[in-house]
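Notes follow once the structure below has been shown.
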């Protein structure tokens, strides 16, 4: 087993290439970035706020938001602070930047200036560069995170962390498999080791950077065992590079008991596994994402989905909640719609804040099954890598031991097919090559068979399609019409 | 196109767009509906659509764009088709075509102006779309005199 | 004990006076009304749909709605059917009509015609008269109910039932104490015996009329024991007059466990008490009202309140849900806002429809305490009336054995003062003269003391005021600022 | 009004309106704030307000209307006050004053035109209202020359 932490010198060598890859990279100085980070007051530090949330059993709300131009972006963030009451702020990066296509992003900026409206689906941080990013950070009073979907986020991380962003979403799996088509896993994992090493360096030097693997993956009927295994693996990869503040995520599946069980298992198993692998000091928190699949186009119905997600996040005991908006099915939300999503969510969460919650009995069973599933997958991945996490992940995807439903990447087998059971739980219809125990596979089969009987039809892609559409059409389970 | 083989569609998600779920469903749906489908998946440049259409002797290209950059990504696609010899291929586009909630009539106008034959919002009834597609293809097959 | 069912002859005598009290009364013919009712298809009969909902474990949605003019009212109802997807329709009556002030209602109609917008807060059914009401009934395809707040609803009932409305809300307590200032209880109870006798007659003649006591009362921190006792007593009064289809109601209090327990106890105790008192054939269903207190003015937050109410109604196993709108804090909702409330609610309810629910353990304790409270009140009321329900109710209000917080009626003692405990449960701060067992009063005191300690302040009217405002300001418990 | 006794308010909910919760709170609040409050409760006709104001030598009448008929119920109230000899009594009104969601400026205009000195929406900060009330009362006490 090779020492997984990147050597500092090797890191610095790569770093030169990274910073040279686009003109704005030249402005970045590590020491300057550290100074900026260290000077931040604690209430604007993501890691601190997340830890406090866990300790105080609070649930912090965070929107997604990003537009083409800097001033407009600042106005948007301020609006979400004041009118939305966001506890934590984002900067969502546009899709050209995510693919490293800075020339296209530049064109998008120009055309946005001409059209005097944002034509990009996010904030092109790399093109705007260090000083402008710093202006964003300085314009807000809440901790602020970079949210994106970038397989090679090295330059983006260099610029934004030096600018004072204190949290950075993503990982070598979760920002590759659901977001790209041909990027090899080996490459994205290596590039993300770089990002984690950078965040680890900041951490070691007194400026902890919060890192958050992207839990929801494709957002579409993802069986919890797959999401949890990937989240924990990405957590391990980050810890290996010196990251300590970790927020593991899970996207609402829609079945309350399953969602609650999943977030709890995620917390428990992560603590166990990180401890076993030598990271008992990992500072782990949990983020819940309101429904990540297709939304109902009707705004009133969207509010229903949003509010219900808020309630489940509370029941599940999340520390942070990523909030959707009533525009979700339509397009990038206006700032007003974004703030509406936040306020609807806040109302539910704070009406529940004082109410005790006791898990329904069925949650225990789901927790047990799920914990065994995740353990089985993790064991097999680490076995394949002979203890090396990165190697294990690459081998696991090749073997279908990790397999994300509906993902676009050609490096994902795509053999797993999920479907809901009669009670709405996401189950495995085709388990692909997931290394799950036989009794558990039988459990999935039985639960699905129950639904097939009740609906009087065979299980098949039609049923899966119905399930994909269900929430957008006002149900959870896609019953036959 | 001969009458005997099923009409051929080239399908894909344009630009840097990674939304793969709708694409999977579109493929399954149009195959089930009796079309031959060449599915290019996500993150497809304009030229890849055109290459595939030429190679497969396709009757129509179905472009998806979900992520908001549809306008940027689709600009010039009709001209490029003509340039590459696909003079009268049917061009359909659908999804969340522009950034932000926008009245669909406005969206349709913009994409029709770019030369797309039909423009669909995300909330499209696919049966309806397939019906229109069959009609449009039918019309092209018939001699102009008959349709006129 | 006198035979409580009104004698038919005495009823007919009173009836002449009632019909003569306003010109539109003259058009009403009982036989004609019966013919209209009997001719209705079953799917437009309230009693049938409510029973089916219970049997199929469905949750039917009903809005509130009523405007001044007939055509406009019909348009509104149709909109709520098609765009709102309402399962059941209302006709909410304006406040002048409720007070029997038909001349003012007439002025309101005239001025509405001139202003060409509704200046009344509901539909003045008496002024419009039989033929116009029939036109309303015939214009819709769902069962339709009269919803109001009228202490003397005899003429309103005569006209609307003859017109084909198949359900009628209210009761001699619930449409007096929260709705009027000086109307003696004895009078409103007698007038409602008339209404129930009329509904009982329709029922006996093959046209069952659904009757629904108004469960939420003042909608403001009503301790469940008071609401449940009154609902069961009004149910008894209706059964005595021959009503068989009864929908008992409960307004959301905001504490999930308490709300769920309350609706369950309401169902159980009602069945028990009705059985004991000789009405084992009562056809009882349960209606849950989304939050009836002050709403947040912000529409997004209102959606949060609405959606959460929808979830709790589902958990509580209600058969019907009365839906609020995002305009609640602002004014009578536009038809669009009304339909939005319905759609947000539908989305939540149908996403939950397939999910099993198991009550949290704490619900059992609340159920037990609550059942004992309600029994204690009912026993005392019946004792005071020496078995006669009406007499018992009158005596009980005089003695403060029944006492509705914040009610405007001078015949209500107004000594009971509720406040939330630390977990949001509505408890008794001042029990007034409610005849509750000592251990239960101690339980209330202890739970409240816990909150006072936690907040470091004394219990008092300031705390109650904070609780009254809390939901409208985005919380459940009114914590000190 | 003499300087020694606290200013007196007549409070009530006008017309057929039964909303009693806000009324209770207003009474408690204004008493706490040092006013003498004559609370008529709910369902109060115009003349009952005026009778009470005359009897109590009140400085202001605070009318609430929540249920939507505010416009109908309040019409002519200022004239009626004058008719009955209350020439310059302060008239405040607050609540959900008209039927349906309406921009508040519009509502204010309508009630000011009816002769109300101040108009408050339901979501009113009561501290603010009490502050304005004290100011308005102060102004009336002082000779015109001083305020002008």
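Per-chain numbering from 1; labels A, B, C and D assigned in written order.
As a working rule, a residue touches a chain if its C-beta (ideal position, glycine included) is under 8 Å from a C-beta of that chain, and two chains touch if they have at least 3 such contacts.
Small disclaimer: the values here were computed from a predicted structure and weren't measured.
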Neighbouring chains shared between chain A and chain C, ordered by label: none
Geometric centre distance via CA averages, chain C-chain B, whole Å: 55
Computed distance of Cα centres, chain D from chain B, in Å: 66
Distance between the centres, which are taken as Cα means, of chain B and chain A, whole angstrom: 32
Where chain D touches two or more other chains, by residue: none
Category of the chain touch graph - line, ring, star, complete, other: line
Pairs of chains, among all present, that meet the touch criterion: A-B, A-C, C-D
Chain C partner contacts - residues on chain A that touch it in the complex: 254-257, 296, 298-308, 310-311, 326, 339-348, 350-362, 422-424, 471, 474-477
Chain C to chain D touching residues, read off their complex: 95-96, 98-99, 101, 104, 107-108, 111, 117-121, 149, 178-182, 218, 220, 293-294, 297, 327, 329-334, 337, 406-408, 461, 465, 468, 472
Touch list for chain B against partner chain A, complex: 15-18, 20-21, 23-25, 28, 41-43, 67-69, 71-72, 96, 98-102, 122-123
